[in-house]
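Next up: some structures, all given as structure tokens.
Below are two complexes that have chain A in common, paired first with chain B and then with chain C.
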Partner chain A sequence: MMFVVETHDLGYRAGSDFEIAQLNMHVPAGAVYGFLGPNGAGKTTTIRLLLGLLRPAKGAITVLGQPMPQASVSVLARTGYVPERPHLYPTLTVAEAIDLHAAFHARWDKPWASELVSRFDLPPARRISALSKGETGKLMMLLALAQRPELLVLDEPTDGLDPVVRRDVLEAVLDYVSAHSATVLISSHLVHELERICDWIGVMDQGRMIAELPMQEFKAGIKRIRVTAAPRDAGNAPFTLLARASLNGSGEEWLVRGWEPAMRAFFDTAGASVREVVDLDLEEGFVELLRSFRSPLPRT
Partner chain B sequence: MYQNTDTFPMFERLDPRSPTPLYAQIATRIRVAIAAGELRGGDPLPSVRHLAAKLRINPATVVQAYRALESDSLVATRHGAGTFVAEVGTERRERDRIAEARRLVRELLGEAGRLGISASEVRNAVDHELNGRKSK
Partner chain C sequence: MFRAITRTQWKSSRGLVLLATILAFAIPIASFRTATDVRAQGGLFLGAIASWSVAYSVAAAGIGLSLAMIAWSPDHRGRHVYALTLPVARWRYVLMRLGAGALFIAAPVAALLVSAEVVAHSSSIPIGLQAFPIALTIRFTIAALVAYALFFAITAATARTAGIIITIIAVFCAATYLAAAADVHTTFFERTIEWIFATPGLLSVFTGRWMLIDA
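Here is the complex of A and B:
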């Protein structure tokens, strides 16, 4: 598989209480990669490292086949970036901001930029400082898309935007991705939104990557299983046991990862019986994964 | 700017949270529409790009749905022209409708089972609803 973003044992330290350690990240070419994690997990810091805006203390970063931060100039020319906080000159008008960006990008798509101005209903003569939050969000997305990037890095691109604006913005991103088969790295805490559009998921917590896999695998493999006469020892189970809890007197509930239907046999052999296998959606799976990462089961 | 969000009523209320993958949900909607005669042989399906943007889903998901339908010979892709509904015989359409009806009933029975509703209670309820509908 070709990776558009790849890190190897990435390390970074900011102050005494936050560090990114042994971060291995792989964003496949053509993927829409959802970057999940609670606030403070290190997603924005990781993104800034990937784009050469921070210098790593350890490890290697490759973006679009080039080492970072050494190749920042050429990588950033091929990457559209929508940061968490917009960085636009407040005194420029919308049209001036667009012209300014166009001047910096050789591949700037002028017709599409104009099309997006009308599709997003942006007022060209208005100053950036007078734009609403939704308009600013749409302008940021326009600037990132019209440079025709091979990689789009979106850090909470729809955070604080109303549903109508979110819809318009995501529609434009997906339209672009379909037409140009670009790769997208998108961080968001709106998990349901990611569930719709992403085909890969990376989950980060406390500066570490705790899971990275195709969305369908993530969703299909993580289950809540209700078991009667559950075995005490799950050491030789074919799945990963993330957590277990007793169900007031009537068996146990297990949270497992890497589940396949044929694995019922494990319980049969142990003399237990599976009462129910409950599917989890992305949000539930994400929450459970974090919970078990933060308080892992003791090794039996 | 007003945008019609119901461009594809066929795809309303897709559920990304469902354990049934989105591509399978999309393929089922199209399969049912063909079985019901809503889509006919030669009708074009929306382009991958258009459908992905409108539904705000990954284009690969649309491609996967169209591929699944293609391998069932329900649609055919003509390069450069797009994807079109295949000519599907009456028998095949009837078979697909029956299969869909069974799938819906299976779902209903699963849900009823979780709620502790017995098979005969479900059967009576189905009869009741069907009779009520007739007399209206």
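Here is the complex of A and C:
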């Protein structure tokens, strides 16, 4: 598999409280990779390291086949970036910001930029400081898309936007990806949003990558299983037990990863029976994964 | 790219450039006018011209300082994220920002030259004295560029670093003043000041007499 973004044992320390340690990340070519994690997990710092805005203390980063931050000029020419916070010059108008950005990008698509101005309903003569949050978000997305990037890095691109704007922005991203086979790395708190558009996910917590796998595998593999007469010892289970909790005397609820239907046999041989297998959506899976990472011992 | 950066920078600097241009145009004419009035009242023409020296150096320093601060202010506001994600080498971006601001110094310099030339061609210059509009303009240009480059470098740093540098300068000035007030004799302050301001010191261009008209 070809990876557009790859890190190997990446390390970075910011002050005494926060550290990214041994981060191994792999974003496959052509994937829409959802980068999940709670606040302060290190997602934005990781993105900044990937783009050469910060220098790693340890490890190696490869983006679009080139080492970072050494090749940052050529990598940034092929990468569209929407940062977490608006970073554009507030005294410029929308048209001036577009002209400025275009001057730095050789592959700038002027007709498409004009089309996006109309599609996003952006007022070209309005100052950036006078734009609404939604308009600013759309402008930043326009700038990232019209440079025809091979990689789009979106750090909370829809944070604080209303549902209509969010839909417009994500539709534009998906249109672009389907037309140009670009790779997208998108970080967001809106897990349901990522569930809809991503085919890979990476989950980060406390500066570490705790899971990285295809979306389907993640969703299919994490299940909530209600068991009666549950065995005490799950050490030889064919799946990973993430958590277990008592159901008021009527059995136990197990949260497992890597579940397959044939694994019911494990319970049968232990004298237990599976009452119900519940599918988890991405948000539930994400929350449970974080919980099990933070308290690795099964809850009884 | 340079044109785009210049256009952006012009937008935030144009008000200041206009003010600086008016100021630079006004100083030579005002100094000549003052000197002519002083002479009519029986005073020294050259003494009056010399008293305006400080106005030229302060104007040059002020223009350089303000343009340097404005050059970086949009990037500081966005924490440099936009600039750092542009596909251009950092040294090249800094040079473009530096160059754009330096370009704007041309407007007050041109205004000073025109104004000084107007004075130089006036028939009211006392016999035996002559005007030096080109020399004055060159000196003003160098002073403005030195101030601009110096403050550009300081303001390019983080707010913390800039604060430390400014604090050191302020502490030095205060210590010099207090030492003089307390009648403490030390050669340290004198030597430091001489090292900075006496030829060929970094800021020597700002000192001495800035004479538009001289013997």
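What we mean here is this: the second predicted complex is superposed on the first by the 297 of 300 C-alpha atoms of A that agree within 3 Å, B and C clash if a C-alpha of one lies under 4 Å from a C-alpha of the other, contacts with A are read in each partner's own complex, and residues count from 1 in each chain.
The criterion applied here is as follows: a residue touches a chain if its C-beta (ideal position, glycine included) is under 8 Å from a C-beta of that chain, and two chains touch if they have at least 3 such contacts.
From a predicted model like this one, the values you see are computed outputs, not experimental measurements.
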{"item": "Chain B versus chain C as contact partner of A:L92, first or second or both or neither", "value": "second"}
{"item": "Contacts of A:L139 with chain B and chain C, given as first, second, both or neither", "value": "neither"}
{"item": "First, second, both or neither for A:L100, with chain B first and chain C second", "value": "second"}
{"item": "Which of chain B and chain C A:L53 touches, first, second, both or neither", "value": "second"}
{"item": "Which of chain B and chain C A:V27 touches, first, second, both or neither", "value": "neither"}
{"item": "Touching partner for A:E171 - first (chain B), second (chain C), both, neither", "value": "first"}
{"item": "Touching partner for A:C198 - first (chain B), second (chain C), both, neither", "value": "first"}
{"item": "Which superposed partner A:L10 touches (first chain B, second chain C, both, neither)", "value": "neither"}
{"item": "Chain C partner contacts - residues on chain A that touch it in the complex", "value": "51-53, 73-77, 81, 83, 85-92, 96, 99-100, 102-105"}
{"item": "Residues on chain B engaged by chain A in the complex (per definition of touch)", "value": "1, 3, 5, 16-19, 21-22, 48-49, 52-61"}
{"item": "Chain C residues within the chain A interface of the complex", "value": "1, 3-5, 7-8, 11-12, 74, 77-79, 81-82, 84-89"}
{"item": "Interface residues, chain A side, partner chain B - complex", "value": "30, 32, 118-119, 121, 167-168, 170-172, 174-175, 177-179, 192, 195-199, 216, 219-220, 279, 281-283"}
